[in-house]
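These notes are about the structure you will find just below.
Each chain gets a letter, A, B, C and D, in the order it is written, and its residues are counted from 1.
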Amino acid sequence: MSTPSQHHQHDAFRPAESAGPEGGWRAHVHEIIFGIETPAGRAFDIGLVVAILLSILVVVLESVPAIGGPHADLMNGLEWFFTLLFTIEYAVRLATVRHPLRYALSFYGLIDLISLLPTYVSLLIPGTEALLDIRILRLLRVLRIFKLSRYFEEFTRLGEALAASRRKIMVFLAVVLMAVLILGTVMYVVEGPENGYTSIPAAMYWAIVTMTTVGYGDITPKTALGQAIASFMMLLGWGILAVPTGIVTAEMTAQRSGRRTPLRSTLRCGHCGSGGHEVSSRYCRNCGTALPEPARST
Amino acid sequence: MSTPSQHHQHDAFRPAESAGPEGGWRAHVHEIIFGIETPAGRAFDIGLVVAILLSILVVVLESVPAIGGPHADLMNGLEWFFTLLFTIEYAVRLATVRHPLRYALSFYGLIDLISLLPTYVSLLIPGTEALLDIRILRLLRVLRIFKLSRYFEEFTRLGEALAASRRKIMVFLAVVLMAVLILGTVMYVVEGPENGYTSIPAAMYWAIVTMTTVGYGDITPKTALGQAIASFMMLLGWGILAVPTGIVTAEMTAQRSGRRTPLRSTLRCGHCGSGGHEVSSRYCRNCGTALPEPARST
Amino acid sequence: MSTPSQHHQHDAFRPAESAGPEGGWRAHVHEIIFGIETPAGRAFDIGLVVAILLSILVVVLESVPAIGGPHADLMNGLEWFFTLLFTIEYAVRLATVRHPLRYALSFYGLIDLISLLPTYVSLLIPGTEALLDIRILRLLRVLRIFKLSRYFEEFTRLGEALAASRRKIMVFLAVVLMAVLILGTVMYVVEGPENGYTSIPAAMYWAIVTMTTVGYGDITPKTALGQAIASFMMLLGWGILAVPTGIVTAEMTAQRSGRRTPLRSTLRCGHCGSGGHEVSSRYCRNCGTALPEPARST
Amino acid sequence: MSTPSQHHQHDAFRPAESAGPEGGWRAHVHEIIFGIETPAGRAFDIGLVVAILLSILVVVLESVPAIGGPHADLMNGLEWFFTLLFTIEYAVRLATVRHPLRYALSFYGLIDLISLLPTYVSLLIPGTEALLDIRILRLLRVLRIFKLSRYFEEFTRLGEALAASRRKIMVFLAVVLMAVLILGTVMYVVEGPENGYTSIPAAMYWAIVTMTTVGYGDITPKTALGQAIASFMMLLGWGILAVPTGIVTAEMTAQRSGRRTPLRSTLRCGHCGSGGHEVSSRYCRNCGTALPEPARST
């Protein structure tokens, strides 16, 4: 079953139209870098996964003083090597799809681009090259080849459960942010800058640290009144934060037991037109007319 | 569907009776500041949202030393500007409703008033002006205009889930507070003031910090016995704090499946004897015979 | 519905047999201090609640240096006053019940006794008097008078949910403690005393602080390997600690929906003896014999 | 009901074939150290539990400076005593099972071996002897004798719930690790080494500490932007971490209600036409007519 969004992507990734010998070359390369059916296509994808992981490893190791210090030049060189490699790959992808712009603006196309930028930007603003490990997101596409479709399905399920709870979560966040603003301000007034609550934004940061039960301890209430308010906030925070768990769990439980609630036929009574009959019903529950043989639609 | 509480509010917000030309003017202004049907009313509400957000931004920025320091006079001026603006608005609201006192004592009326006080009180007690960002709560009313009714419904649902668990939560809090008092005292005796447990209230604050898993680390057990008791408390605390999550989740799961599972009547068909009909059914779903008037048994 | 345990308690609290004029006096006093039906009995209970709360307030205030320091004598006097008061009450309770020993060994009888001891023990071991706020538990009994029976029912429900999950929780605790021992030891070996992991018990304390997500920060890993193991433990800990929430929530959801799963009659078929019929069944599902009119037992 | 894995273990533990007088001796010893039916077998197991617990106690106490310091020789001696004891036991186990290699490679066989190594390894690498408290895992086998089978069943259930959610948990972990890598890198760039984010691995450690709500506070954001990103991460982290709770809870709820809700056949009674019979029913619960052989439809 292909979802609309998959269709759209497929469209963004479609090969350039083969209108000559050159088109044949482009179709062939397209098959390798976009496809996974041919051995070459599979080898390319595996090579890509390795290159992505290696390039991220370089960035991570470069940041460790004991490694990045003595081997700075090597690391820098490897970083440029991988970025140039991925730049070429990006150019080839653009060259071989039918609608380059549509590809460039697709989700994966944008990630491909963003993954290249940090190295180039670091020429202007030093220090940003570390951000190129955003290319870990490129793995999402390559995962296809590892027969991970069932994992992907789970991923989609999780996403659906969250999406179905979208509005609940927005409301929840709005309530939390209101509470954070008000309680943070109260603590700013009660404790004041001399106890670490240097401004309302700082106090709001503290309020979030407290209500999510992270509790760094870099800012803590010192006065008795502040400690009392903080205690209240912690209990409140736990209550409030039980809500997202409740939302997600209820959604997941419903997803599982969805098969259990009685299946409704899409059938309508031919006599009175009422719908919503259970699939096992034989007579209309509204007017008593015999229903046609129910076609159970999954 | 209008709930009783909505009715009451509506009543508190009803326009002054139009008993002359002056009444016509008041009705017109009422339409603008309370209504959302006319373009003027909608424009007023949007302006109000902007004014509220700006006034809160002023308070927040004023508290940041790097901004509030050099621009103290500007910030203070803006603060007074907004407060006077909202004071006029409050006066007009009072003037144009039929029952000013009822409005003043309604939920939104009280918030309108409380949102004004901090600036005036700060003349007597400096430092309290920051509290005026409680006017964020005024947004609750204004949200109407943004077609957020469905979000509001979710909000009400969350509230209902919590309200339905009210007694469970009270019992839970009572148990937690008893545990906090007793375990806090034990730690006060075991660790003593030399390890930071300076008094029983301080030890209770520590106990709440520990059992809610916030764990600032500003007070920590130093003795082996104290650490053993604290370890026990953390495991206990996790067990205890699984309870509100359980309460909220069970409530939400019930709310969801409540809507889905159709109510079954205990009624049996007089002709074929089959049972399990939905309470709203009028004919047997098995043989089509008319069912007696269904007595909905809760 | 009186449960067996309530019956037992009732028995422990039964008045002394009235075998003469003196018995009449004892029965009368018994009515006052154990009963809540007479105005005197209710007044006694209210007075008791006030006395308990005041005596706890004295203990808490005494521990605060700013209050307990200057007023040490007053506080000490009040503490002895309340302890003597409760000692007399305890003696009268013993004198007026039929089975003093049974009362003394009942749950509430033991709490009554333990609530007295700290003050006397503090003559021998100074500092233990703070422990007398364990008398907060005495409130459990007195709560009867405040029409809190429905809250009590909720309390019992929570207790039942936990009790039903007893074995699951024991297994869970055993697994957690094994993980704590092994992972704590690993960290003791990896990080060593120089980084704060001074002994295996200290490292186990740290492991519990980490896996319960309390995270004081008084002991933290300093080496890269230690931080990697700690990161693994945190993710593991979250997974493990989702378990008690799952246990409690599943139990509560089941409790709620318990009314939904088909009610089973305790009836057995007169012909084949099979049980477990639904209350709405009219014929034995095993042998087809007509069942007697089902007596729905709640 | 013996599961396949139990069967396999049983096979690994089968006694050596008794093909002579020597075989009889080995069978007898096998009965003692593997069996729990004979008094000697039970006594052996109890002795083993005591020895395991004592040997762990020795390791734990040895690590405490106040005890391990003055009594280092005694502790060391006891440690070697227990290790030699368990080495002999291991040799005897190998000698009396039919397939020594299969035993050595079985789960319990490997634990038996690993439990011995630390003491020997400590001759080469001092400090590793503490690791021998991994022999706590040996208790898992010995628990049989304490009639803990029902606890074991719960343990298996918990394990099943987790195993059933295996793929969901893998996907979840992958998402968390991607988020940790990206957000950790962002914080490394924003805050930099001067604020404690000395490398990307250190920043990832911080990100895990934050998103699991442990929050040690050994590394905390100092800049306003860093605090804003951290606040976002905490809220996100809570959302993300509600997911494993949701997974486990949904699984447990399903496990529970799976056992309770009787399977309904889609069959209808041929006489009265009523449906909704349990799959195990043989006669119509409504009219008593014999039902056709129920075809259990999953």
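FYI, contacts are C-beta pairs under 8 Å (C-beta built on N, C-alpha and C of every residue); 3 or more make two chains touch, one makes a residue touch a chain.
Here is each chain with its UniProt name: A, B, C, D = Ion transporter.
None of the values given here were measured: they were computed from a predicted structure.
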| item | value |
| --- | --- |
| Interface copy of C-D among B-D, A-C or A-D, judged by whether over half of the contact pairs recur | A-D |
| Of A-B and B-C, pair with higher C-beta contact tally | A-B |
| Subunit B (Ion transporter)-subunit C (Ion transporter) separation of Cα centroids, rounded to whole Å | 31 |
| Euclidean distance of C-alpha centroids - subunit A (Ion transporter) vs subunit C (Ion transporter), Å | 44 |
| Subunit A (Ion transporter) and subunit B (Ion transporter): spacing of chain centres that average the CA atoms, whole Å | 30 |
| Touching two or more other chains - residues of subunit A (Ion transporter) | 201, 213-217, 245, 247, 249, 253, 257, 280 |
| Subunit D (Ion transporter) partner contacts - residues on subunit A (Ion transporter) that touch it in the complex | 56, 59-60, 63-65, 68, 127-128, 130-131, 133-134, 136-137, 139, 150-151, 154-155, 157-158, 161-162, 169, 173, 176, 201-202, 204-205, 208-209, 212-218, 241, 244-245, 247-249, 251-253, 255-257, 260, 280 |
| Contacting residues of subunit C (Ion transporter) [partner subunit A (Ion transporter), same complex] | 213-217, 245, 249, 253 |
| Subunit B (Ion transporter) - residues contacting subunit C (Ion transporter), complex | 167-168, 170-172, 175, 178, 181-182, 185-186, 188-189, 192-193, 198-201, 210, 213-217, 220, 224, 227-228, 230-231, 234-235, 237-239, 242-243, 245-247, 249-250, 253-254, 257, 261, 266, 275 |
